[in-house]
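As written, the chain order gives the labels A, B, C, D, E and F, with residue 1 at the start of each chain.
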Amino acid sequence: MPVQESHASSPATADNGGENQDEAWVWAQIKAEARRDAESEPALASYLYSTVISHSSLARSISFHLGNKLCSSTLLSTLLYDLFLNTFSSDPSLRSATVADLRAARCRDPACMSFSQCLLNYKGFLALQAHRVAHKLWVQNRKPIAFALHSRVSDVFSVDIHPAARIGKGVLLDHATGLVIGETAVVGNNVSILHHVTLGGTGKAGGDRHPKIGDGVLIGAGATILGNVRIGEGAKIGSGTVVLIEVPPWTTAVGNPARLVGGKEQPTVHEDVPGESMDHTSFISQWSDYII
Amino acid sequence: MPVQESHASSPATADNGGENQDEAWVWAQIKAEARRDAESEPALASYLYSTVISHSSLARSISFHLGNKLCSSTLLSTLLYDLFLNTFSSDPSLRSATVADLRAARCRDPACMSFSQCLLNYKGFLALQAHRVAHKLWVQNRKPIAFALHSRVSDVFSVDIHPAARIGKGVLLDHATGLVIGETAVVGNNVSILHHVTLGGTGKAGGDRHPKIGDGVLIGAGATILGNVRIGEGAKIGSGTVVLIEVPPWTTAVGNPARLVGGKEQPTVHEDVPGESMDHTSFISQWSDYII
Amino acid sequence: MPVQESHASSPATADNGGENQDEAWVWAQIKAEARRDAESEPALASYLYSTVISHSSLARSISFHLGNKLCSSTLLSTLLYDLFLNTFSSDPSLRSATVADLRAARCRDPACMSFSQCLLNYKGFLALQAHRVAHKLWVQNRKPIAFALHSRVSDVFSVDIHPAARIGKGVLLDHATGLVIGETAVVGNNVSILHHVTLGGTGKAGGDRHPKIGDGVLIGAGATILGNVRIGEGAKIGSGTVVLIEVPPWTTAVGNPARLVGGKEQPTVHEDVPGESMDHTSFISQWSDYII
Amino acid sequence: MPVQESHASSPATADNGGENQDEAWVWAQIKAEARRDAESEPALASYLYSTVISHSSLARSISFHLGNKLCSSTLLSTLLYDLFLNTFSSDPSLRSATVADLRAARCRDPACMSFSQCLLNYKGFLALQAHRVAHKLWVQNRKPIAFALHSRVSDVFSVDIHPAARIGKGVLLDHATGLVIGETAVVGNNVSILHHVTLGGTGKAGGDRHPKIGDGVLIGAGATILGNVRIGEGAKIGSGTVVLIEVPPWTTAVGNPARLVGGKEQPTVHEDVPGESMDHTSFISQWSDYII
Amino acid sequence: MPVQESHASSPATADNGGENQDEAWVWAQIKAEARRDAESEPALASYLYSTVISHSSLARSISFHLGNKLCSSTLLSTLLYDLFLNTFSSDPSLRSATVADLRAARCRDPACMSFSQCLLNYKGFLALQAHRVAHKLWVQNRKPIAFALHSRVSDVFSVDIHPAARIGKGVLLDHATGLVIGETAVVGNNVSILHHVTLGGTGKAGGDRHPKIGDGVLIGAGATILGNVRIGEGAKIGSGTVVLIEVPPWTTAVGNPARLVGGKEQPTVHEDVPGESMDHTSFISQWSDYII
Amino acid sequence: MPVQESHASSPATADNGGENQDEAWVWAQIKAEARRDAESEPALASYLYSTVISHSSLARSISFHLGNKLCSSTLLSTLLYDLFLNTFSSDPSLRSATVADLRAARCRDPACMSFSQCLLNYKGFLALQAHRVAHKLWVQNRKPIAFALHSRVSDVFSVDIHPAARIGKGVLLDHATGLVIGETAVVGNNVSILHHVTLGGTGKAGGDRHPKIGDGVLIGAGATILGNVRIGEGAKIGSGTVVLIEVPPWTTAVGNPARLVGGKEQPTVHEDVPGESMDHTSFISQWSDYII
């Protein structure tokens, strides 16, 4: 698979040192962007200094920002800040996922003009980072506090990801409002998911009951995928699609209920992976063909 | 109707004393759960004590929790706490509806591990309790304050239930983000409604213009039901379905626009009522049949 | 076009003086409504006085209300209040758009009982006013603070309008939760948009990539319109419709993917414009015809 | 003692019914004053409604006001409101002491223009009411929460009254900043104490070690009284006086260290009791005589 | 009086233009100081930007700072900010008094290293500016809101200045905790008052009953001045002094009760005025002479 | 000096390991006390868990408590928490001073019933710990942030200690309201200072101008010590005393102005050191002798 290989061999992710360098480079970018914005907009300078510029690391900045966003009168910002900072500090893989998510927004969203814009303003990005911490707490069997974080993220960002759900790196949750991801769902790397998407279960029974989303998948706004079905690598799920069936790799599903359209050809160029290209255009033409 | 009868004859709802006993039992469970979690997770203990353990009744705990969740800089928590507490204290039927809603989440949602998890974290549950109070104020012709509560619930939980809407007991609003229920809508008992569901009107004219949802109905994620149409007892509305027509009892509606599928057989076992079983599986196979 | 003409010649918008008179009249109505409610509901009087009655102008009242709604621990209410007040004070066209939006809610939403109810409680109205300010800042090339406002509106109201999007006057965002409007979208005058609507792009490429919505259009709940497509004047987009194609004027689009139904007759009476009539009824019958 | 008798036979304190009538009358005055001020000063109306006018009783108004004044991020206003309200509601003698304190400020302080001014603004009055509740909790052996209240009062009002100290009715703590009253101090009825006054102990030993202040005493600003000494009924302690000795009834003590001046004549008219007359004038002349 | 004359002819106060220039110069200094500190101390930069650097004028900066310092859950920062800003904006004499007070702290307090340090941190300075606004409201017969400000200043800063008290320009309230100034007190220009000072009344009678402090007076820590007595120009009141008598100009009063010591020689050099020199040294030697 | 020696050889301060053990022991006591109080008083449990029980060290608990006490809308609790925690964590001598201060309150104040009572409620203790951090920042030449802390402590606790002042270990600031300690003041070990005490300067000149307080000194309420004078080891300064002169060791100063009374005998028993005995009794008798 040339796509994966080319990605795997990128210098930034070659080894741990590379990841640290990557994190440091992105953090330096963010601080420089924030300084530039603080100079041009004095009314925002206080916010930029407190949230970004005054911090010595990306982990501290995100922990501060999430602590202030998610706190309430009964869950204090100091407690949340401590919780986030301790978790991010102790787990480099969390931080490298954060960096990959920042890059995903920066590369894929044409409206994203800087890393700091994503860090400060993208509720999908922020909800995902909070989920990464909640998931880590869940794995450590600290379920009550994982649920409390989950609840705060659902209140504040209207993003509802069960703390048990496993989510890969380089994931873009675009717009994000109304996203629901269930307990046994799995989302691969380099996936892009628009708002109002549901990765839901199918009933009262417990057990493995939620979708499994392959690497590089693109899921359009308002799509609903229900049940323990597999969405293959590089598949595209059209906006508003209701999927109750398995979708093969490199295939497009559209409509309510979903029909499969388009071929199964794997792109030879990395940028053509749907989760990274965000290319709805081709799927529109595929669909148009289908409709006619 | 054996289903309804068996439900009506459950000891907990046989008389007022039974209801009080039921409330006391659930409240004792909640306190015990919270104490257990406070011991295992010191970082959450403060939150659990302030919100649950320090209170002498379920009504006080919910009033405190909602007061703190829904307050703003211009609507103080003390004012809201007073409002909730006075309303819950003076109306036992409100409290028994709360208990039935707690039971609904605990029984139907496989991700719900305890009553306290629902009380603390489920925005659908919390929004519904706030609505019950707002509805009571509406009925007492205290419309401005009912609207103010409605607005706070819509801001904080992204759940938008008009204070005039009448909603039964034992209702599960699962995930809940984006739910919209209009002014003249009626929702029966033991109904389960997923997120992004709309029970909407059809235009500018006033009057009775919203759906009427029968007992035991299950409405999937993203379904839109418009107009003064009746959704019969035990019906299932598939995810993403757009319903503009009456749906007979024990029938499934799927698709955009909705088609009716499946038979009209009433289940002989209480647990098979769709609103209680949360059984999307059968509806999936029904739909698959339909598609093919 | 008699519809537009009759609208243009309404005395309130004939000249600047008329607009000022219109603003003054609506503001007087709002204060009177708030005083009446404060008298009937002492528990709400403090809120009504601080948010409405104590202010000397509509601009001050909205700036105060938005400042308190959108503030956070790192973006203080005083800063936001100043920002809103300065922007509203310096631009009469902003204030006349606000008045037109208030009138739109009052006339078109049968659940809207007063102007003050809209001003205080309608998240769609409030999100739109905050967007108008963010858009003005964007046009002044103050992008970082425009994004910060955008982010707060998305957190607090679950309404996500890119600050670059251009939105006309007399627009009703009904219920509003989950609304997403992209960077290059344009929305005309007298449009009504329900909740969960997406005016989205189609991929990773930048440039002009979002829908253009004509005057008087009605977009139903959960509709998704993707790409740089034109929705003609007076068109109706049904609930849950997924639109990837141009929709001609005075035409109805329904279904996933969208089909065009209904004729192209322009109404002779102003009130029959879909965006103002909110008339889903006719479109329901059109659709029913289509289905059969 | 004609003074005491005339006071005891006042209709308001003749029996419980009288006290209730007295409380009701003062509360009606306060509400009328607040309404008048709200009308004349819209900027203050919100505060007056939330703190006074919206409440149904004096106990609720004070509990709300103290809850909001004394709350912190870790001691929530709802908790404090509940604590104050429960204590005031269950103990009519607390409420009659409050009413007597309001009357004391109104009658004795020439700068006090209304009851509501005292209720809203006088830190001495508010600190004393919080102390009355803390003392009641202390007597019920709820020492940790009594200390927590004590600490908040000391932070917020700079008034430091040990929760064990016993304080009579009709007490005026004028200006109040810096007042310190120790654990075993006792203060009689109708006493007036200015700011910076210390009723302190004398060392490391425990036991009964603080002053006992008789009825009707007046203690000037900055006076320090140390040790288990008795200040007799109707005594005057001059400003800045340091008292380490017993002061007989109807006597004046001045200077550092204190000298006794003036005669021991008991006034025949109630208004001439020093604690009620606030008459520093005579003590000035007494002192002048002393100095010369 | 050469001292006063030389002061009156200072270029900064010669005319209104001079005052404006003076204000602009001091404000430029403050911004430069704050920028320098923000660069050297990133942890404080957010605070410095929000409170100083982001503002376009000294009046806005002080109004923002006081609004945030004095706000409470029932008196919002936005309301107070508006009140302060409107008052400062409409009255240049208030602003020139503020500038004179800043200069007084900068020149007289050896611990004051910059104007911004005084603006940000000196409770005496801040309390005095809030009093100036409260006094202006009092004069406009807006007594309830003047009292509300008075109460907040007394709670937050432990400085208790009756809103009716008249206070001159160039006044330094050093340390300030515990200062009490009564209703009919008058304080001249270029006065310095240490902490714990009382300018009090003498009893229950209303009318003109508080001290009149002449220009250039220095009042030491803990001094108590009672009654309608005149403290002459250039007098010194020693720490802990209890003054019940008139003190002639250029005279020192020490002890409890006060004795007059030192001569009546008026200084020929402006800097030797006690209120400006803060010279306790000479008074110490005067006192030492007195004691011996 | 046997007193000092016996103190120096106490096991707790013999070496660093001993100090760590001492800190651990006191922290274990505090947690046990807080747990006991949380069980007996559910209304306080949330506060006790958040402030004490949930923390893993005394440094974290104090940093959390001070961060929440001293924060404001422009100086966030998270920022202050970080600042306190970093400073306490990096400097064991700060922590051992904290432990000595806790012991001082526990041993010398008969009203202090537990370590946790002091940690939670004693404003003198809390102000002193905040000062220790501010002083450390001052020494590191981080003056602006040291002043910001100083200002917050002065606002919140009415305790005004210049960040440059050097204060020893085992210091009790009893009641503390109104305490003022100037820039060049030095306070030794095992000193006890009551409220309203001033260690002040004498004028406008800079340089070394504040008192030097020896080890074991006791300073009574309202005492004022001015100028660069030395108060010798083991001296007692009576309440309300105004001291402008050097006070020899083991001597008592009383009155305004101060006279020296009592002998110069050094106690042979450690507990008889005035700063530790808090023994005002002997000084009272000394004074009584003096008066007569």
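Definition applied: contacts are C-beta pairs under 8 Å (C-beta built on N, C-alpha and C of every residue); 3 or more make two chains touch, one makes a residue touch a chain.
By chain, with names taken from UniProt: A, B, C, D, E, F = serine O-acetyltransferase.
Keep in mind that this is a model prediction, so the values were computed, not measured.
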item: Shortest chain-hopping distance from chain B out to chain F; value: 1
item: Residue-number overlap at the chain B/chain C interface, same or different (half cut); value: different
item: Furthest chain, CA centroid comparison against chain B; value: E
item: Size of the rotation, in steps of 5 degrees, that lays the CA trace of chain A over chain F; value: 180
item: Pair joined by more contacting C-beta pairs (A-D or A-E); value: A-E
item: Chain centre separation (chain C, chain D; CA means) in Å; value: 56
item: Gap in Å, rounded to a whole number, between the CA centres of chain E and chain B; value: 60
item: Rounded Å distance between chain D and chain F, as computed from the means of their C-alpha atoms; value: 29
item: In chain A, residues with contacts to at least two other chains; value: 43, 46-47, 50, 54, 68, 73-74, 76-77, 79, 82, 158, 177-178, 196, 222, 240, 256
item: Touch list for chain D against partner chain F, complex; value: 72-75, 79, 82-83, 142-145, 147-148, 150-151, 154-155, 158, 160, 162, 177-178, 180, 182-183, 196, 198, 200-207, 209, 222, 224, 226-227, 240, 242, 244-245, 256-257
item: Touching residues on chain B, where the partner in the complex is chain A; value: 37, 40-41, 43-44, 46-48, 50-51, 65, 68-69, 71, 77, 108-111, 113, 117, 120-123, 156-158, 175, 177-178, 194-196, 220-222, 238-241, 254-256, 276-281, 284, 287-288, 291
item: Residues of chain E touching chain A in the complex; value: 38, 42-43, 45-47, 49-50, 53-54
item: Residues of chain C defined as touching chain F within the complex; value: 73-74, 76
item: Complex contact set, residues of chain D against chain B; value: 46, 50, 54, 64, 67-68, 74, 76-79, 81-82
